[in-house]
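Questions regarding the structure given below will be posed in turn.
All chains are identified by letter, namely A, B, C, D, E, F, G, H, I, J, K and L, in their written order; residue positions are counted from 1 within each chain.
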Amino acid sequence: MRIAVLNGPNLNLLGTREPALYGRQTLADIEARLRDVARELNVEVELAQENGEGELVTRIQALRGRAQGALINAGAYSHTSLAIRDAFAAVDVPYVEVHLTNIFAREPERRHSTLAGGAVAVICGFGAIGYELALRGLVAKLSARG
Amino acid sequence: MRIAVLNGPNLNLLGTREPALYGRQTLADIEARLRDVARELNVEVELAQENGEGELVTRIQALRGRAQGALINAGAYSHTSLAIRDAFAAVDVPYVEVHLTNIFAREPERRHSTLAGGAVAVICGFGAIGYELALRGLVAKLSARG
Amino acid sequence: MRIAVLNGPNLNLLGTREPALYGRQTLADIEARLRDVARELNVEVELAQENGEGELVTRIQALRGRAQGALINAGAYSHTSLAIRDAFAAVDVPYVEVHLTNIFAREPERRHSTLAGGAVAVICGFGAIGYELALRGLVAKLSARG
Amino acid sequence: MRIAVLNGPNLNLLGTREPALYGRQTLADIEARLRDVARELNVEVELAQENGEGELVTRIQALRGRAQGALINAGAYSHTSLAIRDAFAAVDVPYVEVHLTNIFAREPERRHSTLAGGAVAVICGFGAIGYELALRGLVAKLSARG
Amino acid sequence: MRIAVLNGPNLNLLGTREPALYGRQTLADIEARLRDVARELNVEVELAQENGEGELVTRIQALRGRAQGALINAGAYSHTSLAIRDAFAAVDVPYVEVHLTNIFAREPERRHSTLAGGAVAVICGFGAIGYELALRGLVAKLSARG
Amino acid sequence: MRIAVLNGPNLNLLGTREPALYGRQTLADIEARLRDVARELNVEVELAQENGEGELVTRIQALRGRAQGALINAGAYSHTSLAIRDAFAAVDVPYVEVHLTNIFAREPERRHSTLAGGAVAVICGFGAIGYELALRGLVAKLSARG
Amino acid sequence: MRIAVLNGPNLNLLGTREPALYGRQTLADIEARLRDVARELNVEVELAQENGEGELVTRIQALRGRAQGALINAGAYSHTSLAIRDAFAAVDVPYVEVHLTNIFAREPERRHSTLAGGAVAVICGFGAIGYELALRGLVAKLSARG
Amino acid sequence: MRIAVLNGPNLNLLGTREPALYGRQTLADIEARLRDVARELNVEVELAQENGEGELVTRIQALRGRAQGALINAGAYSHTSLAIRDAFAAVDVPYVEVHLTNIFAREPERRHSTLAGGAVAVICGFGAIGYELALRGLVAKLSARG
Amino acid sequence: MRIAVLNGPNLNLLGTREPALYGRQTLADIEARLRDVARELNVEVELAQENGEGELVTRIQALRGRAQGALINAGAYSHTSLAIRDAFAAVDVPYVEVHLTNIFAREPERRHSTLAGGAVAVICGFGAIGYELALRGLVAKLSARG
Amino acid sequence: MRIAVLNGPNLNLLGTREPALYGRQTLADIEARLRDVARELNVEVELAQENGEGELVTRIQALRGRAQGALINAGAYSHTSLAIRDAFAAVDVPYVEVHLTNIFAREPERRHSTLAGGAVAVICGFGAIGYELALRGLVAKLSARG
Amino acid sequence: MRIAVLNGPNLNLLGTREPALYGRQTLADIEARLRDVARELNVEVELAQENGEGELVTRIQALRGRAQGALINAGAYSHTSLAIRDAFAAVDVPYVEVHLTNIFAREPERRHSTLAGGAVAVICGFGAIGYELALRGLVAKLSARG
Amino acid sequence: MRIAVLNGPNLNLLGTREPALYGRQTLADIEARLRDVARELNVEVELAQENGEGELVTRIQALRGRAQGALINAGAYSHTSLAIRDAFAAVDVPYVEVHLTNIFAREPERRHSTLAGGAVAVICGFGAIGYELALRGLVAKLSARG
């Protein structure tokens, strides 16, 4: 089983980006931890980060037939991007939406997620741990189905 | 460390309540699994279910000085109850909001959560597994702080 | 066939409660009339009134396997309670929403009913007669199906 | 006592019109049943169907001094027609609004009724039986007043 | 110069229609007075009343090349009818909107006029006198232009 | 009978103020014409113009016991001023709202009038003639009552 | 195969009606062209224009069993008429909504179409050619299904 | 004269509940002070606190014929509870709404009070003193009437 | 300690202004009573009334360094004036908003107060007594701080 | 004459992307058909697909002086992209908006098109045929002008 | 060339008014700097500050024929005053709107400017420097035109 | 001190892009002028233009540690892009938002700027001069702080 982990704009700056809000772990730290968990769960993870919405769409399109599920933290695009949601539907890959912060406790423009309506599950506010929980949850869900 | 797990109206009917939506596990099944995980994490869990908003408030008030955190699936009250959110603030207990279904993919009146704004984290759509993930996440978060 | 008749907050005061609006019949008068009609229709009625939303939820949960349908005048909770609507869905009991007054001709906050979306039928504005009409209508509907 | 029963656009097609939604009874079936009930209640009924809003207004104007009350299922005009509501006020004839389906459980544009605010009572969701219930209710209400 | 005076639904009932609101003058009274004023102003008036929106549209279409202006009290259609406004634009006849009552002091659904946006002028709240004022104003306006 | 005629901000500039919109007549021209009409109607007119909302309030307060009615073109304050409306209510003087342009055919912020809800009548779009029509209408209305 | 072509209010005035907006072709010109195209496509067209909403409903009802599809330009009724949409559903005739102008580039009240939600397809902005394109498209669609 | 003083959810925690916001006085402190003032004013006070909306309704119902007025701080229920407002209307007891904080300077969801529309008076932002002022004001008001 | 008491437009007419709504006490009566209470509380009061928003702003600016607090009943300006709120912030004088009527039980445009968000406390619906209660409350609050 | 045909995100997946919704034809199939039609109409077509909004903007910029018109199916960007609309305005190339599905019969977030306001014409719901119709319509429109 | 510089309510208090927000420079400091810049640019500046909306209107009216342009910081009136915007239009003087703070980063009620829609340009957030930049920009713009 | 100057979609076409709106200066002209001003102010400017949102994000990320401030005219992305605002926050670079036109006097969808909330200052409507003013203002602001 292969799970894609996609990160959107500005998440490449984690660790130095507003650390009081987003924490001090870098994306590399999170990815290292996810690889460990993936090994424990006996799945493969494939990781990518893009600043562009179109580039994220292209990444998702490439998952067709190669990944059974995905985690996505689309950053600022989460709140508006129908194209990303459409891409997942187009390749029929179930996804979990992850956010480091609890978006429902932030500014009004971050309290709505366009992606959430198409997601299998949503997890937010746990910081870097959230990715790990999402991976465990998604694998458990997909295993239950299979 | 003690973590309260509170469930709101109609969650006592899990297993027979609209199983296509909420799954076939009963609340007892979920609680049994949570006790196992709690043992693994070396924390205590305290479990309760109430159909009344006032009763949930009273349960939360009783956590002061006895619990370090809480999971809450307030069911239908999640979308409107300021009293429950106030109760957590009054006793200063951090909580994670849990939902079995992805509320953001449901009817419009379930897409807003009044509780989410006061929560540490939100997790929804994983079914019964979500409680376990929430417990792991909350314990990790509280341990990191302590 | 057993039909539950549930009344919400302040309906215990009928007869003395704003009689220009709600009429001079007491809840006991209405219940007496409903028992007569039930006898005529050869069904059983089971009657209850509660001031609390949670208590109404609990009453509805108790109908599972015992009642084939319900009439509910949830009073002020009609306009906001998702928990009551969820309870009916959870025990899979079809219900008719009844109001003494024509709620669509009253103050703006009473013109929307959260319960109506889950109801089989809605009847309002007939005063005390509305319960009787609702009982006749519901029994006819259920008989047609059976 | 004479009661008018008015039906609006597309109700002439009942029986073949989206039967899963509106049932298989024709308007003639409903009218036959209403005549029986009217006889039982010792009132006269006068029946009409119109596809045009203006024609319905003209029909209502003709009730002045001839009818003591009316049932109206104005179909699609229910949601927007102030002219029909004004016509009833102009001739001072109390009316009950009837719908075959529970309009509050349908598409958003059908959940608001402009007519309801001027009606004595509203009844919806009982299918063809609703007309009969409305007739009984209205006659009872008018008799109580007289 | 010929001025059309068009009245919409329920205005044929003036005099008996809610007289506390609309006054005791009949449409015939108003028309008689308008003919007198027209004679004084040396213009012709052409009068009509229709209950149907389509019939009003047809009346307006017939003004092309025959009338230099119009007064319209479209009654309930004033608040929603784009078709009537379009008809005036199609035949290029300037019109004054007249209402007996001050629509801005009535129920919310009467406070917006769809017709007003296409009108030369609006006059409301003067009761029957309003038609006369509108006729004088329109003739003065048209004379100033010619 | 004495009728006050009050004009609000920027109406002192009539004649040179955006003449394509407001016409070429000055406020003095309008006042001269109003005095003629007043003489014809055998009433007195009292005229004032103020740029300040508070000054208009003070002017209206001074009408108590001295004027039987008023015309007001409150200019830009028409759309927001509750204080002016309150002043008329406080001294119990009926007023007609006048606008040179058809405010319902202008920018969205000019399509709502706060004053209209308290007015006896509203007249707009006739240009300078509108004042004269309003004076005739108001005097007729007040005479009919007296 | 028979296709109905229905036109709503004021479309009978095409050619002289605001030609800068709607063009100089008359409805007769458009119908002549449609008959040619119909002959080419080997289908029959049946053409009608009505100023009244009720009359359009009646026309649509008459299509049952006689037409396999329809084009409709309901003019001003497009933006509000649920009755027309219901009529098509009642007789189960698929329809294409046509507009001469691009309604989405016009005044706000024309940017929403109530009919569009029930249509097979929508085409607007091509002027008179739009009818021809719509006919070709609808015939192709229906042929593909058959 | 007897005045009821009712407190809603979480007000039992006053003193320890977010003291920066709600102050350090306990509900017992406030009640003691109210008893002193009541003695001074020669009235009786009857005090209660409930976490449940239904329980507050029941408390209010019990005031019929026993209390001439009430103070209520319904806490979080103030913003949504129609049932509490209905209960006061049902027993015809005038009430003053009290809040410790200035709710109009807090989060958006606390700036609207459903209770306020039925209240005699509203007082908020004075902290614990507000209860005393409300008691003095209500007794003065009731005395003036009596 | 000096407390300013400011009154806005039309409050100079108290006693004769809509007495059913605002009572029969004049502003002089209220001021006399306030002076008595001030003497009892050992503070000075400084009283003013203005019809203009700018004049109220100027009055408030003059309080800098001279008053420790203020009561304001800004009348109609309460619902819209940011300038008055800004003036209090600019001179750093805490204020209590007072209204004679319960503004939350009046017309929709009076249910929002722009001033309330900057106030220390709000009191409304007690009639003339409200000023006295506000003075007592404000002095108590300021004394507690000092 | 050269016409550009631009497709946005996820349209490269046509044929396998949710075929129940978007059909089984691939973008290559559509393009082949368009080339045939172009040949018949004696125009050139230039085809492109991009997943990125910026890339679509760049493609449109490149049309200046090279294309006389364009068809665009901007997919998910249709509903939000002002940048694409601006690009067409910047190079002054008229465009037709095309959608495979009837976007007005889909989820609420797809019922508004930001592009439509700047388009010459809009066509949606015809599936793959829609492109062909749009090409024919646009060429006819441009030829009529030239 | 003469440029007017107008300041609205509370700007006379600059320097002591919430200095953390508005800075420590007084209006006199700003005016001194503007005079220097004006000398450099070879234009005259005319400076005024008013607390009243009507007074600002009167000031603007006085610019006719005397000033070629204006800077205005209307303070709190910026967000609501149509009268000030109308005054500029009436005397046909182009103006630049200036704010010390970035109003779009402040409270919601300050994020909309009624004046902006009529302005030539808007500049905000630069503190006292903003006036100087606005003067340079306006003079450059007017010079380019002349 | 280094200041980045970033331009968004379609700004590369300045000079030929809707010149009546955006002027005849090219981006190269503006950049040349900015370099001159930069030299005068003794700062460096770094200039870039991108059509893609992701590319702008990447450009902004690259400013970390290299630029002390930025000017951005994000064109159409200004109204929606949270990602660009987040990027500036992530690298902690203060920015001034610049627009050639006065966006508050344009179409409704351009009157809101998502970027403005995070900006130091906003300047719009001055055409090409606006960049120069923004540069002067930003340098002054940053110098004042340093």
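Simple rule for what comes next: a contact is a pair of C-beta atoms (placed from the backbone, for glycine too) under 8 Å apart; a residue touches a chain by one contact, two chains touch by 3 or more.
Owing to the predicted nature of the structure, the values given are computational and were not obtained by experimental measurement.
Path length between subunit J and subunit L in the touching-chain graph (shortest route): 1. The minimal number of chain-to-chain contact steps leading from subunit H to subunit K is 2. Shared contacts of subunit C and subunit E, meaning chains that touch the two of them, come down to D.
Residue-number overlap of contact pairs with J-L passes half for only one option from C-D, F-K or A-B: F-K. Shared residue numbers account for under half of those found at the interface formed by subunit F and subunit K, and the copies are therefore classed as meeting with different residues. The distance from the centre of subunit E to the centre of subunit L, each centre being the mean of the chain's C-alpha atoms, comes to 54 Å. The distance from the centre of subunit K to the centre of subunit L, with each centre set as the mean of the Cα atoms, comes to 23 Å. We define each chain's centre as the mean of its Cα atoms; on that basis subunit A and subunit H are separated by 48 Å. Inter-chain centre distance (subunit G to subunit H, centres taken as mean C-alpha positions): 62 Å.
Within subunit I, contacts with two or more other chains are made by residues 52-55, 80.
Every pair of chains meeting the touch criterion is listed here: A-B, A-J, A-L, B-C, B-H, C-D, C-H, D-E, D-G, E-F, E-G, F-I, F-K, G-J, H-I, I-K, J-L, K-L. Those residues of subunit L whose C-beta lies close enough to touch subunit K in the complex are 96, 102, 104-105, 113, 116-127, 129-130, 133, 136-137, 140-141.
Those residues of subunit A that touch subunit J in the complex are listed here as 52-55, 57-58, 61, 64, 80-83, 85-87, 89-91, 114. Here subunit J touches subunit A in the complex through residues 8-10, 12-13, 16-18, 50-55, 75-77, 79-80, 109-110, going by the rule given at the top.
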